[in-house]
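Same chain, two partners: chain A is paired with chain B first, then with chain C.
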Partner chain A sequence: MTEVMIVQDGQLLRSIDVQAGKRTDMVLLVMPGVSCDIKLDVRLVGEGAEANVYGAYVCGGDEKVKIAVDMYHDVPHCNSRQLFKGIAGGVSKVDFYGKIIVAQDAQRTEAYQENHNILLTDGAKVDTKPQLEIYADDVKCSHGATIGRLNEEEQFYMRSRGISLEDAKVLQMISFIAPVLENIEDHDERETIAADFENAIRNIVKQL
Partner chain B sequence: MANDILLKIEGLRASVEDKEILKGVDLTIRKGEIHAVMGPNGAGKSTLSAVLAGKPQFTVTAGTIEFMGQDLLAMSPEERAWAGIFLSFQYPVEIPGVTITNFMKTAVNAHRAGKGLEPLKAGDFLKLMREKMAFVQMKPEFAKREVNVGFSGGEKKRNEIFQMAMLDPTLAILDETDSGLDVDALRIVANGVNALHTPEKAAIVITHYQRLLDYIVPDVVHVLKDGRIVKTAGKELVAEIEEKGYDNL
Partner chain C sequence: MSKDKEILDSIADKEYEHGFVTDVEQEFIPKGLNEDIIRLISAKKDEPEWMLEFRLEAFRRWQKMPMPKWAHLDIPEIDFQDIIYYAAPKKDEDRPKEIDPELEKTFDKLGIPLHERAALAGVAVDAVFDSVSVKTTFRAALEEKGIIFCAFSEAVREHPDLVRRYLASVVPVGDNFYSALNSAVFSDGSFVYIPKGVRCPMELSSYFRINAAGTGQFERTLIVADEGSYVSYMEGCTAPMRDENQLHAAVVEIIVEKDAEVKYSTVQNWYPGDAQGKGGIFNFVTKRGICKGAGSHLSWTQVETGSAITWKYPSTILKGDNSSSEFYSVAVTNNFQQADTGTKMIHIGRNTRSRIISKGISAGRSQNSYRGLVKMLPGADNARNYSQCDSLLIGDKCGAHTFPYIENANKTAVVEHEATTSKISEDQLFYCNQRGIGPEEAVGLIVNGYAREVLSKLPMEFAVEAQKLLQVSLEGSVG
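Moving on, here comes the complex of A and B:
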């Protein structure tokens, strides 16, 4: 079962060991108005362990969001996937730090990490530092990070179909974080959280 | 009759990044008419369509555009859409994460809100979608696909005409709709455009080649060269261009 965490103000420290053949799924959600410092250590300690960590953050004011993930592959044949997507508006500041550490005998590791960000304002700041530390030689690992703006070609296309600029931006931002939210298993919970994000995003767009 | 006029462009000049592309365009389109705008690459054909649809990157430096008595240049792109203008893009934009269903539901309901109407009921909307998708021979599963993502050239253009059918515009602007189409897709697209045409509506067909105009037969043909309309005639002009090329006009 996927664990869904609505992150509150302040520090969040979590350390998780995933045993042989077990799987951990986690969705971290940071709503507008929340400033937090998340430190997550995931250790794959038994063969065949799997960890999937997803995160979405939306900032529209003066939030400070810090996320640090260390993903340890200690033994062979483990899989991990991380996907973090976020939107930074206002004068918010986002720091993302993610590291995949593959031990020397952790052969046949598959580990992926992605962090994608949209900057809404000139005042907002995003720093992203994806890292790989690989000591094994038979592994599939990748990481990627992007920081971009809302695409104006998409906006014009939508507006030419009668979708208002405000609705176009809301649609772009919701669809941007949707790949994270879709990992929330429970249908009702997913719909409620998606609606909360949509309302929050609409409020941010109104202030742009 | 003056009230037959849908679109009146006078002395239109437009620039992009300080480079003047349109250098004084005059064009009047009446109800029921199909106009072809032909011309060599770089003549300003796509700029004309972008300016009509209100693309923000283009600056109108002189001239007026009146659409059904309204000052088009004072309207946002979405207001122009609500008023009945539709642009079929030469390069339809991919919108990752947004399904065709969600995209069209938002668009259709925005048009309805513009007219003071309630949103369409879910059942009625899906019925309309199915009907219009069948009209351009799009498979029903496309409704769940992300807008234009991974579509072939022909699928993108059919998607444009599907959207046109959903929104039922008064003035359709087809920007190089024939580019990248095989003959079957060309026929489907052209049949779609013809079927949507009525004596109350008009269309501007922008194209480099004769090919599309074999299927969508224009009433008036204009040649746009270096930002100006240099020649206007009936459909016989198409054959003349094909024979002589743009350089000898």
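Moving on, here comes the complex of A and C:
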């Protein structure tokens, strides 16, 4: 069962050990107005363990969001996947750090990590530090990170079809974080959270 | 599988072909580092007062600085008092203008002929032996175009205005521990000045050779490309095989004015130490360029195969609007080598562009890290960066790491970074083996293909050497 966490103001420390053959799924959600410092340690300690961590953050004011994930592959044959997507507006400050550490004997590891960000305003700032520390050779590991803006061609496409610029931006942002929200298993919960995010995003767009 | 293992192990026994020592009479100054030593170095080089002041000031700052520890490197304690900071081959007093034939032979052996007629067509060379520049070729031909290409110590005497204007303008004295040390004790390097609108007709090149035992080499290079000019500069280096570690701490500064273009290529082949990790050069280098004017361009290409420890981040400050920079790197580590290398792209101007392609290959018990910074400042409207960092692991005892830092404070700037780590695919090896290509050759082939994107950026004279070097560096490690 996927664990869904709506992150509150303040510090969040979590340390998870995933045993042999077990699987952990987690979705972290940071809504506008929340300043947080998340520190997550995931340790794959038994063969065949799997961990999937997803996160979405949306900031429109003066939030400070700090996320740090350490993913330890201590033993062979484990898989991990991380996907973090976020939007920074206002004068918010986002700091992402994610490290995949593959121990020397942890062969046949597959570990992936992605962090994508959209900057909405000149006052906002995003720093990201995705890192790989690999001591085994039979592995497939990758990370990707981007910081960019809303695509203007997409906006033009929608506007030429009668969608207002404001709506177009809202749609772009919703679809941007959708791949994270998709991982919420419970249908009703997913719908509620998606609606909350949509409202929040609409408010941010109004202030742009 | 056991066969694989054997070949993997054998890749670790490579030969270093430049490990010989030249037997020439050399003069040394006493070991150790203090203000008197610095005065002595300055006196040896006939330096003006302002240069000595610069050195002393740097030394005073260096004394207050701690050694940086943040890199993913295991650096043994370095005793800075146990190093000889100046060594030079003795000149024949009767014929001070002539080069010792032994030195000529040395550079011939290294493939760097010092006679202009025998030289590689179209390449001017500044040959540096320990702490002094031995010879700079094609000077006259370059002077006709107004290009200055000479030893750094000569430039201090003959072009003091230019040197004073640009020295330490890109890498300030107190930038870091090793740049401060270099500023205090630097020996020789090259000075290049390309005047306005001039396209340098030949490749300029510096070759650094460490020969004397117990010494350190402190190269200082300054390249200035004035408005609308172009130059391609190459750098090569080797050292003898010794059980002691020798320090090479260089500072390279590049100034690119409006619409000018500089291409800087390095093939770094310092002695990497033996298969047990004994000896080798510590290569702690600060290289930085500034794209000062609008539309300027700076391109870094490096092939790093040598050195016991490499600590090197050639960087660009993109200050001029519409300026652009590239960084192409192949770093190979084997046995017990360690490398922490990458780049910094600091975007200040509008519409600035940068591109980073880094390919790391680690074998044996080596550790190979990419470390990079891409920073978009608030004024960098529409700036763009793309980075790709791939790591290849050969053997299960080595490590490959990627540490990118990405900072964006401009909503119109776009930064992309991707990195992958994997080993050589068994399918590819199988494909080659099946067609009669032996495992070792196949790995060479695959590695060369993997690094092609970078190698293709090297000037022709270097590309051939670099390809061979890759092959040799991995010799005996493949499975």
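We adopt the following convention: the second predicted complex is superposed on the first by the 208 of 208 C-alpha atoms of A that agree within 3 Å, B and C clash if a C-alpha of one lies under 4 Å from a C-alpha of the other, contacts with A are read in each partner's own complex, and residues count from 1 in each chain.
Note that in this section a residue touches a chain if its C-beta (ideal position, glycine included) is under 8 Å from a C-beta of that chain, and two chains touch if they have at least 3 such contacts.
Keep in mind that this is a model prediction, so the values were computed, not measured.
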Just chain B (first), just chain C (second), both, or neither: which does A:E191 touch?
neither
Comparing chain B and chain C in the superposed model, the one touching more of chain A is C
Next on the checklist: With both complexes superposed on chain A, which partner does A:P130 reach: first (chain B), second (chain C), both or neither?
Outcome noted: second
| query | In the superposed arrangement, which partner chain does A:I163 touch: chain B (first), chain C (second), both, or neither? | reply | first
### Task
Would you sort A:E182 into first (chain B), second (chain C), both or neither based on which partner it touches?
neither
Contacts of chain A common to chain B and chain C in the A-superposed view none
Listed in rising order, the residues of chain C that touch chain A in the complex are 72, 376, 378, 391, 393-423
Chain B contacts chain A in the complex at 53-57, 76-78, 80-82, 86-87, 89, 92-93, 95-98, 102-104, 106-107, 110-111, 114, 163, 167
Residue positions on chain A within touch of chain B in the complex are 152-154, 156-165, 167, 171-172, 174-176, 178-179
Per the touch rule, the chain A residues reaching chain C in their complex are 104-105, 107, 117, 119-122, 124-149
